[in-house]
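Same chain, two partners: subunit A is paired with subunit B first, then with subunit C.
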Partner chain A sequence: MKDFLIDIAELLEEEEIKEEDILEDFEEWDSLTILSIIAFSNEKYGTALSTIEINDSKTVGGLKKLIAGKM
Partner chain B sequence: MELKVNLTFHNKKITGILTILPSNIVKFEDEMDNYNFSKAKSLKLKLAMGYNTHRIAKDNTTVSDLCVYGLNYLFEKDYLKKEDIDALILITQSPDYFMPPTSNVIQGKLGLKHDMICLDINQGCAGFEIGLYQAFMLLEQSEVNKVVLLNADILSKKVSKRDRNSNPLIGDGASITIVEKSDKPNVINCNIKMNGTGYDVLMVPAGGFKLPSSPETAEMKEDKAGNFRSLDNLVMKGDEVFNFVQREVPPMIENLLKSSKRDIEEVNYFMFHQPNKFMLRKLADKMKIPYDKMPNNVVENYGNASGVSIPTAICHNISEELKSDDMFLCFAGFGVGLTWASILMNVGHLDFCEFLEY
Partner chain C sequence: MKQINNPFSLEGKRYLITGAASGIGRSTSIILSEAGADLILVDINHEGLVETQKKCNPSDKLLVLDLANSSIIKKELLAVVMEFGKLDGFVHLAGKSYIAPLKIVNEEKCKDIFSLNTYAAIELAKTFINKKVYNGVNGSIVLISSVYGVVGSAANVGYAMSKSALHGITKSLAIELASKKIRVNCIAPGFVKTNMLDSASGMFDEKYEEKLNNLHPLGLGTPEDIAYSIVYLLSDASKWVTGSIFNIDGGFTAL
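Moving on, here comes the complex of A and B:
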């Protein structure tokens, strides 16, 4: 998952993101971004995420852990 | 996973398709203010999902109105004779009444013969496939020669205008597909699967016998994403629909092609149900099907009217080709139920393939 931060930053339309960043605090955070993350992780890592799981993961690092746990 | 329910039919053909659309066109931009989101975010959604305009039936329009109007047009144009109709199958989730069947209402309004069968089927996104299966099965009978398949829905009435999740994509409409016996020994390969544990992924919670509509069920409530809807409204779990489609549809098509001994290259068009552009593109990517072989332009032009989306896609994209040539098509429907089904068949030299405005 070496490009994870770059990929997620792109989906969030941010220059740079850190693992401790809170997902909800990003300006672009909404249902469409969540769907983009679901589609992205399905395509790149073959995982199926739900909106609830993504919201519960709280941070960028939490999201990474969620995806890694399903791979 | 191997599909167990593979269906095979012989000597059947589609001879005409008419799609009836409400003349009322609603633009995405005109409804943006209803949503609890910034304009910039709504425009981003529009771009990603391929939203633009959709067809919305007037308040007093019913499913039987759309079907009767379309059938009368076919009688006037001499595309269809009243006395030739041996069966009327209506696939809808927005019937005129709980009882009687709306197909009987249509039969009565048109004054069709009594020597026929009228049948309502409660199906949605896979309604074109389910309807064709039923038509093919009826045509196995020696005295059934012509089946009229009606797909019709006006589900916009059940969608909250303040639900950005569902309102921009919904569309109303109806389609008439004529299915007949064929002299040619053609083979039609199909499959179908259902998973009723996902019954609540797409649903209208109130208004049936379990939870009748009441002032309480009409109360608008905000969900976590900022959408407002009541229990009387259609609710869709978008993430679950997405995951379901990505998980189930590619192996279904792979299995259908394999059991039919066919390749992706041999299929002229993959005419799939269209929930939105985003979902179709992701499906095409996963299945390595070029975008131009899997049209995804129904939602942006007309909206998603459930089982009507495939006939709409056909009339919009390949009507001329289907009148003059023969094509090898793959149909797939997936959604409410959960239900997913697909068909491989030759379609061509249609007597008609067009739109009609109501």
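Moving on, here comes the complex of A and C:
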């Protein structure tokens, strides 16, 4: 998952993000971004995520842990 | 009493059905069998085809085929038709969904979806019009698109591309094949309760199904709702219908 932060930053249209950043604080955080993360994670890591799981993961680091736990 | 000819009967007719291993494809295969048709059941999933065949005619042929690989379609079909007999038509039900917002859409995935959902229909039609395949009279081709080939929806651009293209294909082929007595029509289904829908629903919250229901004044459909419209379009009851797009959607596109 070495490019994880770069990939998620691109989806969120941010220059740089940190693991402690709160997902819903990002300006681009909306239902389409959540769907983008679901599709991205499925294509890149072969994982099936739900909207609820992503919202529950709260932070960028939480999201990373969620995906890693399903790989 | 004089016997009334049933224009919906498919007795003695032969059709090829793609996507026959599950969902709408399986239900359609079963209902076409009940209407008297003999079938070539096509899918990439062999186990699913075997399950479908248990509810159809034992003499129906199974063909495991990756329809996304257009280079093998003609050869495989010709071989099975030689054994089975010439066809009266086909139904292209095989398809994949592609839920992806614009940011995440990629060319490779779009081509993959297009190959199966769309281009396979052209390759199947190309093979079907071959004299060795088509029986020569009252041919009928039915393509299956989606309400999302008719109306817009977020995160669906790749899928909408693949399904709306089927509408152009339907109209174009309807004109080109009319002189061969082949009708070409398309059904644009609303949301139907299938495994494909269940797996898509898993991506959303628990209110997703409720929201979907609200988009359909008559509620979500069943595979049989689509299958019966396919029977109509294959049968002689629709002998004056070609180039049409049928919205079979519980009122989705009426809203």
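Note that the second predicted complex is superposed on the first by the 71 of 71 C-alpha atoms of A that agree within 3 Å, B and C clash if a C-alpha of one lies under 4 Å from a C-alpha of the other, contacts with A are read in each partner's own complex, and residues count from 1 in each chain.
Basically, a contact is a pair of C-beta atoms (placed from the backbone, for glycine too) under 8 Å apart; a residue touches a chain by one contact, two chains touch by 3 or more.
Just so we're clear, the structure is a prediction, and the values are computed from it rather than from any experiment.
Peer 1: If you stack the two complexes on chain A, which partner ends up touching A:11: first (subunit B), second (subunit C), both, or neither?
Peer 2: A:11 contacts subunit C only, not subunit B.
Peer 1: Using the touch definition from the top, say if A:20 reaches subunit B (first), subunit C (second), both or neither.
Peer 2: So A:20 meets neither subunit B nor subunit C here.
Peer 1: So, does A:3 touch the first partner subunit B, the second partner subunit C, both, or neither?
Peer 2: Neither subunit B nor subunit C is touched by A:3.
Peer 1: Figure out whether A:56 sits in contact with subunit B (first) or subunit C (second), or with both, or with neither.
Peer 2: Neither: A:56 stays clear of subunit B and subunit C.
Peer 1: Looking at A:48, would you say it contacts subunit B, subunit C, both, or neither? Reply first, second, both or neither.
Peer 2: A:48: touches subunit B and subunit C.
Peer 1: For A:32, is the partner it touches subunit B (first), subunit C (second), both, or none of the two (neither)?
Peer 2: A:32 sits against subunit B and subunit C alike.
Peer 1: Counting contacts the way the document defines them, which residues of subunit A are shared by the two interfaces, the one with subunit B and the one with subunit C?
Peer 2: Residues common to the subunit A contacts of subunit C and of subunit B are 32, 35-36, 38-39, 43, 48-51, listed in rising order.
Peer 1: In the complex, go through subunit B and note every residue touching subunit A.
Peer 2: For subunit B paired with subunit A, touching residues are 37, 41, 44-45, 48-49, 164-165, 224-226, 238-240, 242-243, 246-247, 278, 282, 285-286.
Peer 1: What residues on subunit A touch subunit C, complex-wise?
Peer 2: Per the stated touch rule, the residues are 11, 32-33, 35-36, 38-40, 43, 48-52.
Peer 1: Under the touch definition given earlier, write down the residues of subunit C that touch subunit A in their complex.
Peer 2: 99-101, 103-104, 106, 109, 154-155, 202-206
Peer 1: Using the touch rule from the top, collect the residues of subunit A that touch subunit B in their complex.
Peer 2: Listed in rising order, the residues of subunit A that touch subunit B are 28, 30-32, 34-36, 38-39, 42-43, 48-51, 55.
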